[in-house]
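In the two complexes that follow, chain A is the common piece, with chain B as its partner first and chain C second.
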Partner chain A sequence: MANGNAQAKSSATFHGPILVLGLVLLLAVIVKLCGADPRQAFEALLRGSAGSSVAWGQTLASMAVLCFSGLAIAVSFRAGIFNIGAEGQFVAGAIAAAALGTRVLPEGVPAALGLPLLLLAGAAAGAGWSMLAGAMKRWRGVSEVISTLMLNLVALILLRYVVSYPFLLRDPATIEGKGAPLPDGAALAGWGGTGFHAGVFLTLPAVALLWLLVFRTRAGLSLRAAGLNPTAAHACGIPVERVRMLVFALSGALAGLGGAMAMMAAGRLTKQLYPDYGYMAIAVALAAGLHPLAVLPSALLFALLETGSKAMERSANVPSEVIFLIEGLVILALLSRGIRLPGTRVAASAAADAGGEA
Partner chain B sequence: MSETPANPPALRCQGIAKNFGANRALDGAELAVPAGSIHALVGENGAGKSTLMNVVSGLLAPDAGRVEVFGKEERFGSPLEAVAAGIGMVHQHFMLAEAMTVAENVALGRRASPLGLRFDARRYEAEVERLSAETGLAVDPRARIEDLSVGLRQRVEILKALARGARMLLLDEPTAVLAPPEVRALFSTLERLRDAGRTITIITHKLDEVFALASSVTVLRRGKTVFAGSLEGLTPEDLARKMVGEAREVAAGELPVGGEILLDVKGLRADFSSGTGLHAAEFSLRAGEVLGVAGVEGNGQDELAGALAGTLAPSAGAQIRLLGRDLLPLGVRARSEAGIAFIPPDRHRDGLVLEFSLAENLILRDAFSPGRPCSRGPFLDRARIRASAAERLQAYGVHPPEPDLNAGALSGGNQQKVIIARELSRKPKVILACNPARGLDVGAAAAVHEKLLHAARGEGAGVLLISSDLDEVLRLSDRVAVLYKGTLREIGARGVTKDEVGRAMVGA
Partner chain C sequence: MDDVLLFLAATLRIGSPVLLAAMGEAVLERSGVLNIGIEGVMLAGAFAGFVTAWSTGSPLLGAGASMLAGALVAAVLAFMVLRVKADQIVSGMALNLVAMGLTGSAYRALENHVRAGGGSTDLRAPTFAPILFEQTALTWFAFLSVPAIWFYLERSERGLELRAVGEHPGAAQASGVDVAACRFKAALAAGAFAGLGGAFLTISQTASFSSHCTNGRGFVALAAVVLGRYSAWGTAAACVFFGAAFAARDRFQASGLNVHPEILEMLPYLLTLFALVFALRRRTGAPAALGKPF
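== the complex of A and B ==
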């Protein structure tokens, strides 16, 4: 019985301290195996991610991207939807915002209009991209794991396509692979020559609102019930299919908003816009125990690693791919520690059996 | 309990306490099992029987109290230490490796050779054969577990315990999974083992088994031992009273005098890929009455309940009216708002979210309905939810009545009471109750029945009782119908005999 309780709680706790400790240890061992000096590598990592205002700017901008995609993953996993399409929804959001900014809005659009419009366009496009998978699941029974993964590829190819042809979104003045620059009123300028931009502040209300939604509203209760036991939720009158569709939309909107923001901070659409961050967001969400509030520190941690790894590669001669390896190992460790995904009822029902007759 | 020096208890537990968070599972439980006898440990669901057995078998460490095995005080740190002390536990859910043979399972967890490297299958096959001959527990040592029936698997569990030198066997609800002939075989096995000098304790809540098998009994209630002693001179009724605390007779009450027709069903057809479907079911249900639908499971019960509750869509041409209002176009939520309550057949699958707190489970039906008392606008009114949960848990006798506890932490009977509380506290007009007392002990079943009858007699609801337990149907129903191969047939009013209904249940 006590087990059942602990189980339920563990999925809602942030594993920060263990995570940090595990990361440091693993990093030391792996760096050593690479033949480099762990101390030097750590120094490079920290310098590259938090050693200067430029480094912090880059880290916080990455954190914002991971935070939005991480929230997208957390909310859909909570509802029992294994949406691993944050990558594609992010790209869809970036493309839509770029199209609006460079093709529709006039050159002299005021920031008060341009910024919210572009963010909204990104959210809408992300939601739409995600609901494609939602619709395939609802009416054709396609597993969202497959469809969202495939849609990621489609979105990435689409991105390459639109930045390759001048009559689409490519900047005719540059070589292939760059979109046209956004008008000033639609771009998020970096502060004081760093990558930090005003959009980073949006992560705070986003995290708070998601927490409120999931844990303090009727809709959140329905969402969690649909994730943990859809048959019981259905029998109790919760429209599970509709809840799922809304969650697809919400999670796509979050990722798409992040994509629009990242594109606006870059000032234009590029082929390499935070590649693979949509997958890293899965790690961010899992490490946060799918808890919206914990997504923020979790995203910060992964952002530090990510930006620091580039510096580590340059000055300590440790390949930055090492960070991927470490992320993978940490996630495996966390999963085996009993973070349970909704929809996997094995642990819960076993605990209930053990306690049932006691 | 007779405790002459000649007959010292093989197992003695004194003042055992065990808490799971705020839940007091054992609260000074006492148990003394005379050597060489069969002892029964009885109690309602949630009384602490399994917890006590888990303490004795080393799976749980008690918070307080002492355990004596064959006169020696023991503090087990693991099940292995309990095995070494001669205790063999046979769990309700078997712990066997299905892809392996009987002999391999018997060998599992034991060192096969000095270095543990070589596995001598012959040796264990011979051991199983020897034990089989000795105890009469015949089983082929080379058979794979997956090919064996449930009864035979249980034999393997017993053999496994004996092979590890168990002098005392603990069996947790050993008959729950067995067919009647297997039960008889198990009983004679246990008697033979007792005659050979072994001590046996069975956990059960079936009182007829206690009297058929045991010579002494311990009754647990809410973690305390309320009775311990010989069965001589006791009747099953005495024992039931001790288990439950006070006599809880279910009084069926007076026959309702033709209340208004609440539910009117005609031409209800359902056809699904699995199951027999439902063929043009037709019935009406009046206020204040209980209509019992008996039948062997899989004869259309799920279809009938689902079509009425709204979880399944019936075929075209059906008519379901609640007080004249057409329910067909309504979904689950609209039907429940119209006054339909649904106690589903499988509480884990359809009834509860086990990872949710009791308070959250109690508002599941309101989660999508704006304007219900659980919310302020889109937000949950947490103070009110807790207060209303505490009140309802108290009123429906859920133990422990803690709104913040996870539903998965409750015993089966108490989980069922949570569902009853959620469904009946909404003051429904029609209650669909599917096997409402399945798996519950006497006390919990009586409590559930009492609530259902109260809803009908006291509050004028109509109850459609769909159950595979014929006794339950006959005891509660004013009218009895039978579902057989998807056809619903009314057999008669109260007073119809078990024979008549039983024949209809098999299509005769």
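== the complex of A and C ==
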């Protein structure tokens, strides 16, 4: 546990340089194993993710999604809450925003009203979905790991459900699996034919606000204390239970906001809305050392890989599934390098001296 | 009457892969380790089982390979959890990603060979009675493993040690039980079971592989263990119930009845949540040291 204190420091712990080097090496080995030429593959990767304005648009849109879900994970892991439900909260946000945009708001809603309302609806739905798990933990002692996992699966089926039936959110004019199109005043149009949209700019204030909140406010101190040692935090008069509930709400709201934004950028709800990004966000948050400011470059790095891998598959014949392998290995490598999550140290010490504190 | 039997047969068939994975997971969780990576373990088993059965023409070899692959993936988790002392949940999620990427890209590389042709990949037990008992050998194995695991957990000395490790590793260690070794062995066994469960999908059921072929069944197994309160019989009952829910969905769909299949699909997860919140309260039967590093 000697290096466990690294986590408590407020300085940025972005493992960028090592990470990039490791990724390049790893990718080269895998590409070689696939029987492709590493140089050709890297060229395709860079061309596909950063070689044109269209590529950049796609990369930055992916980055925004990963950034919001990554912040959601970072803030809850910091507080010692293993909320692995970003995937479900993201979907809940997307569904709620789509319902509001296509069922409630009038066709001619002005953008100044439609955009913030939809984002707000997404954040609220994500927070609500997450607080279900929070409430189960607080009043029934249900582990958030199981509850958020179950809620993820329910949300994904719910998404498939609402886009399958016209009486719910499906667009009757299309084949199954697509929601009705949003009114113009509620959609985030891509700029100049690319996937880049105004919502991407929201990542900057989000990252900054989260950093301020976590490291420069009393609430953030309570949050970190609750994660590092809930027993001590409680003894210091911090309302640990309430802090945890707020963290559930905050992280759910962040993921839900990302979901609403992704849906608004797509212009409608679809069955395949950034699938598995909620799980990738765990890699993003860990690579950022759970630091809000570092989440942004970390998200960009993974977004580059993600969009680039599709191009790599097309032109260098390297399967795009490679990205999952790389993400998983990154997490394992970071865990092995002695990155300790606040919760694990607490669990260990609490089990040793108090017989366990849930 | 035939309809009922067909439904029961489908229940058992659909329930078996989940049951296999859940029985292993129940043992592992009783030793205090939560394997969120079970989905990845199943996927690895599904892949290894399919490729081996397809290339050798022997489903038996396929089943063996799937158990090896499952145990190997679980060994990585055990290493992370027991040696590195990394967080169990995050390690498990990482393993899911690794397995998804590894099997997905390996299958892409093999895909063209596989499409060219395949051997027989059917693993059937002798038929004793029509329909209900016309199940594959793996289904038989899955259901026969339930009493065996019950006996191991509740009636054997080794099982007692394992439960002690899950409830209070410190006390177990002090009384001379090697906690890490016990958990490592449990992880290997659980990995073999989950791998075999994965192979059931690719060998017995579909004779094909796809990168999402486990489709959340590992998570269903996790739910079954929770709903079954970590006991062998309870977990098996939960698996049969989940099998019935999925079988009912398929039958409703086939019969064109106006029941939305999505509702039935959600049922296992919703029921698990409801049970945790309302029925079990704090008497969940979860081992005291579950998920905690030692």
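One rule holds for everything that comes next: the second predicted complex is superposed on the first by the 333 of 358 C-alpha atoms of A that agree within 3 Å, B and C clash if a C-alpha of one lies under 4 Å from a C-alpha of the other, contacts with A are read in each partner's own complex, and residues count from 1 in each chain.
In the analysis below, a residue touches a chain if its C-beta (ideal position, glycine included) is under 8 Å from a C-beta of that chain, and two chains touch if they have at least 3 such contacts.
None of these values were measured; they are calculated from a predicted model.
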| item | value |
| --- | --- |
| Contacts of A:T231 with chain B and chain C, given as first, second, both or neither | first |
| Which superposed partner A:S222 touches (first chain B, second chain C, both, neither) | first |
| Partner chain(s) touched by A:F201 [first = chain B, second = chain C, both, neither] | neither |
| First, second, both or neither for A:W191, with chain B first and chain C second | neither |
| Partner chain in contact with A:P239 - chain B first, chain C second, else both or neither | first |
| Comparison of chain B and chain C by chain A residues contacted | C |
| Partner chain(s) touched by A:P319 [first = chain B, second = chain C, both, neither] | second |
| Common ground on chain A, meaning residues reached by chain C in one complex and by chain B in the other | 348, 351-352, 355-356 |
| Residue ranges of chain A in contact with chain B within the complex | 1-2, 4-5, 7-8, 212, 216-222, 224-225, 228-229, 231-239, 345, 348-349, 351-353, 355-358 |
| Contact set on chain C toward chain A in their complex | 34, 36, 76, 80, 84-87, 89-91, 93-102, 104-105, 108-109, 170, 211, 216, 219, 222-223, 226, 260, 262-263, 265-266, 269-270, 272-273, 276-277, 281-282, 284, 286, 288-289, 291-294 |
| For the chain A and chain C complex, residues of the former touching the latter | 30, 34-35, 82, 84, 136, 140-143, 145-147, 149-151, 153-154, 157-158, 160-161, 164-165, 279-280, 282-283, 286, 318-319, 321-329, 331-332, 335-336, 340-341, 343-344, 347-348, 351-352, 355-356 |
| Touching residues on chain B, where the partner in the complex is chain A | 20-21, 23, 25, 45-46, 48-51, 54, 92-93, 172-173, 309-311, 331-336, 342, 344, 348-356, 360, 363-370, 374-375, 378-380, 382, 405-406, 408-412, 415 |
